[in-house]
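Data first, discussion second: the structure below is written as structure tokens.
Letters A, B, C, D and E mark the chains in the order given here, with residues in each chain numbered from 1 onward.
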Amino acid sequence: GPLNDRIAAGEPIRIGFANIPVFGYPDDNGDPKGFANEITLGILNEMGLTDIEAVVTDWGGLIPGLMANRYDIITGGQYILGARCENISFSEPIAQTGDSFLVPAGNPLGLTNYQDILNNPDTMLALYSGANTVGAARQEGLTDAQLMQLPGPTEVLAALRAGRADAAALTSFESFYLAAESDGAFEAQDPSALPDWTLNWVGIGFRDEDVDFRAEFNEAHARYMGSDEMMAAMEQYGYVESNLPGATTTEWACANR
Amino acid sequence: MTQSFDHPLEITGTPPPMVSFRNVCKAYGSLVVLDNLNLDINAGEMVSIIGPSGSGKTTVLRMLMTLEQINGGVIYVDGKPLTHMPKHGKLVPANQRHLRQRRVDIGMCFQHFNLFPHMTALENCMEGPVQVLGMRKPEARARCEELLEMVGMIDKKDQHPSRLSGGQQQRVAIARALAMRPKVMLFDEVTSALDPEVIGEVTEVIRKLVSEHNLTMLMVTHQMGFARDISDRVCFFYGGKIEEQGPPSQIFGNPERERTQQFLSAVREAI
Amino acid sequence: MTQSFDHPLEITGTPPPMVSFRNVCKAYGSLVVLDNLNLDINAGEMVSIIGPSGSGKTTVLRMLMTLEQINGGVIYVDGKPLTHMPKHGKLVPANQRHLRQRRVDIGMCFQHFNLFPHMTALENCMEGPVQVLGMRKPEARARCEELLEMVGMIDKKDQHPSRLSGGQQQRVAIARALAMRPKVMLFDEVTSALDPEVIGEVTEVIRKLVSEHNLTMLMVTHQMGFARDISDRVCFFYGGKIEEQGPPSQIFGNPERERTQQFLSAVREAI
Amino acid sequence: MFDWKWDFVWEIMPRLLVATGNTLLAAGAGYAIAIVLGLVFALAQRGPSRLLAFVVRELVEFIRSTPLLLQVFFVFFVGPQFGIRLSPWTSGMIAIGLHYACYLSEVYRGGIESVPRGQWEASTALNMSTIQTYRRVIIPQAIPSSLTGMGNYLVGIFKDTPMLSVIGVAELVHTANAIGSEHYRFLEPLTLVGLIFLAISLPAAGLIRLLEGYVRRKLGM
Amino acid sequence: MTIVEFLSTYWPRLLTGTGVTIVQFFLAAFLGVAISLVMGLLKLSPNRMLRGFAISYIEFFRGTSLLVQLFWIFYVLPLFGVSIDKFTAGYVAVGMNIGGYGAELVRGGILSVRKGQWEAALAINLSPAKRMWRIILPQALVNMLPAWGNLMIELLKATALVALISVPDLMFEARQINGSTFLSAQVFGTALVIYYLLARFMITPFMRWLERFMARKLGMV
């Protein structure tokens, strides 16, 4: 595939990611940070590849940029979902994670899962448009009248602050991160309050053509996953043993999510 | 443009003159166009202004129409100040409201016609009577059609100005001004685009309306024949001043001042 | 506007006339303004067009300046077709390139002046000589300043048109047209905003340039004095036709046609 | 490399069409507000009151100089702190209408200033009031030269509705992005957005052109 | 975090972002003005082909949104083998888009010049190019300048969209800082103020000066 050609030509591997805390983000120097980035770099290192170039882009630009050959691998926390598997190739899972509700401190309305929202018709749930949570909420019986689909975390936080929304459904990583950053204004709810089937697996994205490179990547992935080296690097992100993907394969996630 | 009027000028005479320029000055930047102009026009009088190009003839009309601010002096219309208004016993420069109130008495017809391009000839004429005088439409239409008929434009009444010849536009402009029947009518070279035949007709129309409605008329013209024909008095402007004035017979027949003689001898030569 | 010219008209005479209207027709919609006009003007001749308002005088000039398309006939300038061009032995309506080539010979001065508002009086005059004739700036300036001097506008040469009086604008427009020294000059009521004194001066200027450069001149005017003074021939237009033409002495002194007599008697009355 | 999936197009079309409805509604209502309010702004700046003119001038400058996105954001999320609590739709339309009113006021200003001075003088000579002069003489003549600018903004306002997505109005671009993130395919949704915009703006531009021709004919130009 | 602390931490990034925004603005403005002139004139051309070309260009770039155009230039063109770097793609897309709107303004401005001016230029036999350049355009410019003031401000705001293709302009930096700190009020507030300052104290004064300058040049003051 094109990526192996690049490596053979001595060119750096370009990894693309958007600015999403915990999953993948640039630090103040533009260096890749976040657990997905760390794991990718670790696996590439395992493969003996250290010539890496980081490209920060907008969330909406990730996939088109990969297709347009503006970078080679997209990190930055991508859920492996059936609809997505049709259009890009994922590595084997690098993490499993659930969602969690972010609510105002003290959770005055007692909202911890979709059913709580459904049972209180006056409440409004904020979520990212296009995220897996939208589908989950619908499946739990919520209608658009109680859903406020917003472009990103900035708007979601603004909606919670302004009282436009009473809770937000986010990935648990983000939920805990935002709660910690909010100086006590918000708190994250227990992820296990949400149904099991909302659990998701995170993968690294490749072009379909790079099937050869992906196979090598997956081999290194098997060696690296769960290693002490990895778990030490993960500490700062709150990534714990239970986030390891275990035996779940990408094939299974594509078929069931 | 502040002025002090410690001794507001008084207008004398019974009845007071319809229009009265008192010590009026006008300058564009450093170019002094009118210098201490004094001119009285009585009700029903028809006065022509003649004089060389650039002598300030148009400026006199524009000041009276309140299109130019004056730099000194006062203009009175019908015995009341036009450019100024009394306040605490003094005359202060007039505000917009005062100007609008006093302007009802004055109408003007422009050298460049300034017809409204988006209205037909008839609509141009009806605009003032309907919108300003509040006349009913049928009544205004009757009045305007009569006027257009008189100036020979009735068959073009539904044309837009862009489809009229120069002389036709000018006749519509004359009709538009006359339809308002103001006390004082100002005409700026309104016959310049007209052929002699039409001038004759238009002169008749003006004369008729003046006598019927006792209009006062002030007109600028280069056509000495028209001036002689229509006016009670002719003013010869030169260098920002009235060089000489008097009945047409005197000005044209027996001018006193050298400059007037010179101007008129050129006229005689040119005709 | 397609026409068939199976028998292209020939121009006869040696030398051929400078301007030649052959069977020219012009209508605005259903209004026929000119009906089979035939008119020849020789090189160096000065022809005046007089006639009632709306008789199509301006239209004649505009057609010759190629501002209006004609509906029939051909106009020749300097022996060559202006409105048409030869193609496969026939005359077909001219394209833009042809018009532009032939237009060099013609210049026009408008009734409404149409000065360029963004240029000073001098710049207005210099525009044509510099941009079209490719004259050097100092040379063009000298020529234009001389012309402005002759029409008495040299002291206003750096003013923009909006700051000039009507007569001053008109004189600049005349200078602008003359600065191009075209073979054929068209003047549309160019003296209407001028006072008699200035008319005299302008007449002199035109006469001087005409004799010096052998210009051909076609002018529309309502001022009979001017027409009589300046022209070699006077054409009286009426109802889309030339009703009568001849030297001024004949037309003004001894007109043959009844309509002409009527028009001129009105003139005499009006003056 | 370049693959375009038709079945994906058909799959997402219904969602995009619903969003198109929202876009049309927001843009239409916003434009209606803007046309009227813009004229008020333009006239207020030329009015007799210096203070009013100054205030309106600065308001217009502020609103048109700052991004619509942030204005929408503030109306919706910061408004409630001052007791102004409007629905997403209402705040969206007010914000977009206000924003375009400022643009249109400048367009009107240009149109008004291009009317020759002689027209004002003729109106004064007929002793028409300022309001009558505007209504009967100046504005009718200012319209033809304003129409191109107005047409530009009619076509442009559709493309500014995405700003409403920050407050959860599911307009076209917002929906296309959502579809993109769900399926990891952006080519089709975004290209379709372009085509739908084109399908809206072509008739809009055509309409303006017809109107322009009509007005010019009406004015005998 | 107070605004002072915020600024003292992030000012270098905001400053370089502002620099990129300004450079993008000037390059796009230059391109946009040039395209406007060419397309506006072509749309008035008597040649059907040229006119058709201009109409297609204008309707395409006004009709599909800048967002979609950026997407195509940056992400889809590479699929056809044309890969433009992001910085160039940014100002080219913005300039071409604004050119579509500007072309309409140019056309409208030209049409609003009075007929007598065309005729007078013809009577001194100026070539069509000189007639346009020396007589008509200067007068058209006066009529369309207020609308161009709008367009320049829109252009400035439109450059914010290049953030979507990762051109590190002001908006990109703001989004990045916001993405990692969620100090939305401080970040976007500062960006808002910077955009406002650029528009209100650079673009608007310049355009107003140009309006006055041109009016003076026309002797219309």
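What we mean here is this: a contact is a pair of C-beta atoms (placed from the backbone, for glycine too) under 8 Å apart; a residue touches a chain by one contact, two chains touch by 3 or more.
None of these values were measured; they are calculated from a predicted model.
The fewest steps needed to get from subunit A to subunit E, moving only between touching chains, is 1.
Chains touching both subunit D and subunit E: A. At the far end from subunit D, in terms of centres built from Cα atoms, lies C. Measuring from the averaged C-alpha position of subunit A to that of subunit B gives a distance of 83 Å. Distance between subunit B and subunit C, defined via averaged C-alpha coordinates, is recorded as 32 Å.
Per-chain CA centroids place subunit C at a distance of 46 Å from subunit E. Counting only residues that touch two or more partner chains, subunit B has 112, 162-163. In subunit D, the residues that reach two or more other chains under the touch definition are 1, 73, 186-187, 221. In subunit E, the residues that touch at least two other chains are 71, 75-76, 79, 115. Listed by label, the pairs of touching chains are A-D, A-E, B-C, B-D, C-E, D-E. On the side of subunit B, the complex with subunit C involves touching residues 28, 50-54, 58, 111-112, 163, 165-168, 171, 189, 192-200, 203, 222-226, 229, 262-263, 266-267, 269-271. By the touch criterion given at the top, residues 18-21, 25-26, 55-58, 60-61, 64-65, 67-70, 153-154, 157-158, 178, 181 of subunit A touch subunit E in their complex. For subunit E in complex with subunit A, the residues that touch the partner chain are 71, 74-79, 83, 163-166, 175-176, 178-182, 184. Those residues of subunit A that touch subunit D in the complex are listed here as 59-60, 63-64, 67, 81, 83-84, 86-88, 128-131, 134-135, 148-151, 155, 158-159, 161-164, 205. The touching residues of subunit D, counted against subunit A in their complex, run 1, 73, 76-81, 165-168, 170, 174-175, 177-187.
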